[in-house]
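Handing you this structure, nothing more for now.
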Amino acid sequence: MKNLTNNKMQLLSNLTFSCLLTLGVAAGAVADESSKPIKVGLSVPMSGAAALWGQGADWMCKKASEEIRDSGGVVVDGTTYNYECITYDNKYNAAEGAKVARALLQREGVEFIGGSLGTAPVRALQSLSERMGVLIFTTAWGDQIKGPDYPLTFTQMNTPHEILEPLISYVSEAHPEAESVAILNPNDATGQQTEAVSTKAWGKVGLEVVSSDFYERGTTEYQPIALRLARHDPDVIDLGATPPAEAGAIFKELDVIGWDGVKLVEVGTGADGLTAIGGDSVEGVYMGAAVAFNGPSVTDHQKRVNEEAREDLGESLNTVQIGFYDSLFALKAAMEKSQSIEPKKVAEALPSVTFQSFYGNTARFGGEETYGSPQQMMLPVIVTRIEQGELVELGRINPTE
Amino acid sequence: MANYQIPSWVIFSIFAVLASQYFSGSHSASILNSIAIAALLAGSLRFVMLIGELNFAIAAFVGIGAYSAGVATTMLDISFFLAILTSGVAASLISMVFGSITLRSGGPYFLLIGFAFTEAMRIVYSKTDVLGQTSGMVGIFPPIEFDDWLSLFVIIICLGLLFLMYVIEKSQFGTIFKSIRDNSDVTRTVGINVLYWKVVCFAIASFCAGIAGALQAFVNNVISPGDFGYLLAVFALAYVKVGGESSIAGSILGAIFLVVLSEFALALGAGEHIFYGAAIVIAVLFMREGIVGLVSSTISWITKTRASKEERV
Amino acid sequence: MELVFQLLITTLQISAVYILFSLGLTLIFGVMQIVNFAHGHYFAISALVVVYLMPWLVEAGFPASAAYILSGLIGIAAAVLVGLATYQFGFRHFQRDMVGSFILSVGFVLLFDGLFLESFGGASRSVPSIVEGTVSVFGAAITGQRLLLCFAAILTAFALYLVLMKSKLGSALRAVSIDQEAAMLQGVPYNKIAFSGFLLAAGLAGIAGALIAPVSIVTPAIGADYIVKGFIAVIIGGLGSIPGAVIGALFVAFVEAFGGYYYGASTATLAIFFLVIAFLLFKPKGLFGNG
Amino acid sequence: MNSEQTPLLSGRQLERRFGGLLAVSELDIDLYPGEILGLIGPNGAGKSTTFNLLSGFYPPTGGELYVMGERCTGKSPTKISRKGLVRTFQHGSLMPSMSVRDNILLGTMHQLSGRRRIERIARTEETAEMLGLSAFLEEVAGVLPHGLQRLVSIGIAFASRPKILCLDEPLTGLNHTEASSALHVFERIRGEFGCSILLVEHNMKAVMKICDRMVVLHHGKPIAAGRAEDIQSNEEVISIYLGRLDDE
């Protein structure tokens, strides 16, 4: 009796195996051919610490596709196309990034990636997309991520290479008395890349970098970090790519131990988190990747979109998220110029088109001298500062060349 | 010997291999890859459970395997097969050192230190220059002529190792492992060196984990420190528990079930965590023996009812 | 000298929360022999309740301190409630089953991670400050809030000590954690004791959460960050040992403060992990571990 | 009897303290080839501690331990058992989730390591036969009735064919027939395999019947040692013991 059950059980489990497997195969097989409206894939973190960025990215992509639809869609030789955003969670790591890449490119048959966030997952995506001839936009900052070797990869936002030099020279001019700077970055891809560029930039303007450290994500107590930063009593403290909330906590602790000086979050993307945690202590913090939605140069359109975003996301839009809006308009322009929806042809057209960016100015692609090929979206660098708890735009350095 | 009857999943393996050929290149093939690797991870985790320990360091050893493969191919251009072997050996050597320290105390200490070790290794990769720091390593490709065969190869390796673990479990070594879990004092009194065998078991499992890491590296072509956080161990645990801890078949079943479902959970964002969490909780609370147990109990139920019917007739 | 003193103060204020945290962990382990990763989420729920409720109360016209105390109490209640739920539907069936209970707790962790993110959103928040300004203790600066937190933590820890040492429940708890069979032979109602011990621990986590809310970044993920350090503290002290938990927590805080200052935060984090592994070389069961 | 032979197992002035408490002290004990030695004494007399000292589970805090003529003071249980001293435990001395076959097989593992599997299986079945467990080989040990579990745990120990077999209260919870058959097994183990047995037991009648010599512990100290009949007539022993003997 016992054995009988055993055999039967083996038989049945075999059946179960087969069923599940075929189900799995079907999961792929069914979705293997692509569909009419142009699918635009997004590979962004939708969970964990960076979830908010991913949610914003998804939101902006949908926003842009709506606006494009309402303005008559993308017209390529007679037929009108519309964009449809498919957003998958890459959990900010390579393994999930690869999974997402396969799902988007192989399962969904996506030929255009409207945006991708996080260096590791983006590289995973890239190793597949370039082979499969898929055009991708990315916010990833590595300078080795684009260039002649990756003809189909385009950057959709300013990277430290664009932001830091103008920002740092602006700050050093505003504070000629400053002589020394202490740098802190999170120990992640963004942090490490920012640190590399910023140390150079500070050197250029003649400030001495007295210390440059990293801290782990998920740090719970910031007093030791603050103490170490203030150790040499620097004139400037530069928190590089530190996320807003953590930057706020660190400035708070710096305030407690009585350090006061020029505060800077080079790629600080928003004031909300910073002020929420830092309170008064973040007064006067300079930021290079935030957008002020109250200045004179702000269009009604920006104000309106930002308000909607705030309602849905709980925070103001930042440059990372805005990149996912601009990429779609860039794509539209290139498709209409090349009169094709062939990724390769579109990619050839991209460098030569101009388009209306969310920031209001007309944008184009450039960056040959840095990357060897024009794959960098050229956007204004917006220098912002927190004054009376409000984010204020101090000036725009429009892309040169 | 009744022990050596061919297990049900060997039949499945043939099926899988055929399938991999039929679907090679398409997305389905990559699903098969992830299933195979997931199953190997589950098998490795379960193997250490034989001695009654929960190996949360598995993520670290998968990472060690993956990074060894990465270094071997991208820097030392060692041949594909050798690279995979190296990563297994590397993982297993390190596990011997780690094991002989932590398995002395075992139990919760081993479990929690495994957790700490995983986190520590993650930071180590992210601070090491040659390993690409936090951006990880790229361009870990198998030889070009191998491209169409990769899927088949991955599946064969995984099933091969799973079968190896199966054989060991059924052998007298398996008896020793289980006896350590059941009653290490008695095991000691008959002259068996408990710590030694614990480490052996751990090293074998880590070898498999290392290979799994290497395969993952070659399948994704890219690795980053974030891939090897403790969540990896949690998912492996989910495969084992949902499938059913009592047999290796369970681990494979769980891997298929959850990997396939997670294909659809990609778009869920935070929902994916809820999904996995619920899966584990339900499995642990309501189906202690997992899917396998469910299957077998249904069978015995069917046979019982049929029997009773016959009686009535 | 003043620097060292500042670092010592930092160590103390960091350790305040770790102590409460690891006390809860060690208590649960001692009584039920379970490793509960979901403990961090009792802590998180309490902190989240505080940061969402208190601003709302303040707007409703409550004075900050009253609003804080009220929302704090509700937060602790929430933590105990979640603890109760996880105990009743889960851990009750896994007493003294280390592997099973751990797996279950991991399931809960993922579940709560997702649920918290869905319901509270990823944005990080903090609350209007209750005590303004900073005080200087022998030249070492510390905010009023932190000072409050430290006192509250020390008070709680002391209260727990009294409960464990003086009360009937306490002696029962200790008896069970030393030798369950013996205790049951002595007529200790094990299940009842385990239950109250579990809730006590959840309550401790709740208190810790309510205390940390005003001085820290509160996100749904906050529990995970603390639990790792909590467990390391408990391993060093020896699972199940009350003084061990306290010493372990102080040790972790010490490495964070001094290591963080002299070698950088990232290195300090790494050091904590490797130090605890090295520590096991010499003390395989922690400082006061008996298990 | 054979007291001029060198003892297989001997403890010299063994002592074990736990913190302040002195559990065992001044313990001199000798086990000679082919004899069955009884270790008796009221509860808390330190019998179990003595067992743990002799089998290496507790390192002694004083004195010396010799197994098969070699100094084994402070050696690990594994090392000592490899010298040929194997013990059972009072409670749960088997692997509950494993089959009886695998339980006994485990006993053969080290001693027959490197030999062919066939030999181990043969040894296993021989042992099972001798203990009358042949019918239960495929059963799961943990679900067997208490009496059989006792036999299985002895089977595990004896499967390694020790020179010295230390049995910790093997008769507790056995009914009369079970007990006497167990005693018969001990006799065979001694008779057919020349294995010396150290026996801790409450069942005085049984001990008196089977043991050649006895050591009586009281408050952790040996108060008497000698042949069964001498012990029976020993004043001090009678004062703490014989009352008990009668009412059994």
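Annotations
Order as written gives the chain letters A, B, C and D; numbering starts at 1 within each chain.
The criterion applied here is as follows: contacts are C-beta pairs under 8 Å (C-beta built on N, C-alpha and C of every residue); 3 or more make two chains touch, one makes a residue touch a chain.
Please read all numbers here as calculations on a predicted model, not as lab measurements.
Shared contact partners of chain C and chain D comprise B. Note on connectivity: the fewest chain-to-chain touch steps from chain B to chain D number 1. Across the two interfaces under comparison, A-B and B-C, the one joined by more C-beta contacts turns out to be A-B.
Comparing the centres of all chains, each the average of its CA atoms, the largest separation from chain C belongs to D. For this pair, chain A with chain D, the centres built from the Cα atoms lie 72 Å apart.
Chain C has its Cα centroid 33 Å from the Cα centroid of chain B. Inter-chain spacing, taken between the CA centroids of chain A and chain C, is 35 Å.
Counting partners per residue, chain C has 114, 117, 228, 266, 269 as the residues that reach two or more other chains. Among the residues of chain B, those touching two or more other chains are numbered 123, 127, 270, 272-273. Chain D has no residue in contact with two or more other chains. Chain contacts in this assembly follow no simple pattern; the graph is neither a line, a ring, a star nor complete. Contacting chain pairs in the structure are A-B, A-C, B-C, B-D. Interface residues of chain A, counted against chain B in their complex, comprise 4-5, 8-14, 16-18, 20-21, 23-25, 27-29, 31-32, 46-47, 51, 54-55, 86-89, 91-100, 102-103, 106-107, 119-121, 123-124, 127-128, 142, 187-189, 191-193, 214, 216. Taken together, the chain A residues at the contact with chain C in this complex read 47-49, 51-52, 55, 187, 213-216, 218-221, 223-225, 227-228, 231, 244-246, 248-249, 256-258, 272-273, 276-277, 279, 313-315.
On the side of chain C, the complex with chain A involves touching residues 6-7, 10, 13-14, 114, 117, 121-126, 129, 134, 141-143, 216-217, 219, 221-222, 224-226, 228-229, 253, 256-262, 264-266, 268-269. The residues of chain B lying in touch with chain A in their complex are 7-9, 11-12, 15-16, 19, 23, 26-32, 34-35, 123, 126-127, 133-136, 138-139, 216, 219-227, 229, 249, 252-253, 256-257, 259-260, 263-264, 266-270, 272-273, 291-292, 295-296, 298-300, 303.
For chain B in complex with chain C, the touching residues are 49, 52, 54, 98, 101-102, 104-105, 107-109, 111-113, 115-117, 119-120, 123-124, 127, 234, 237-238, 241, 270-281, 283-285.
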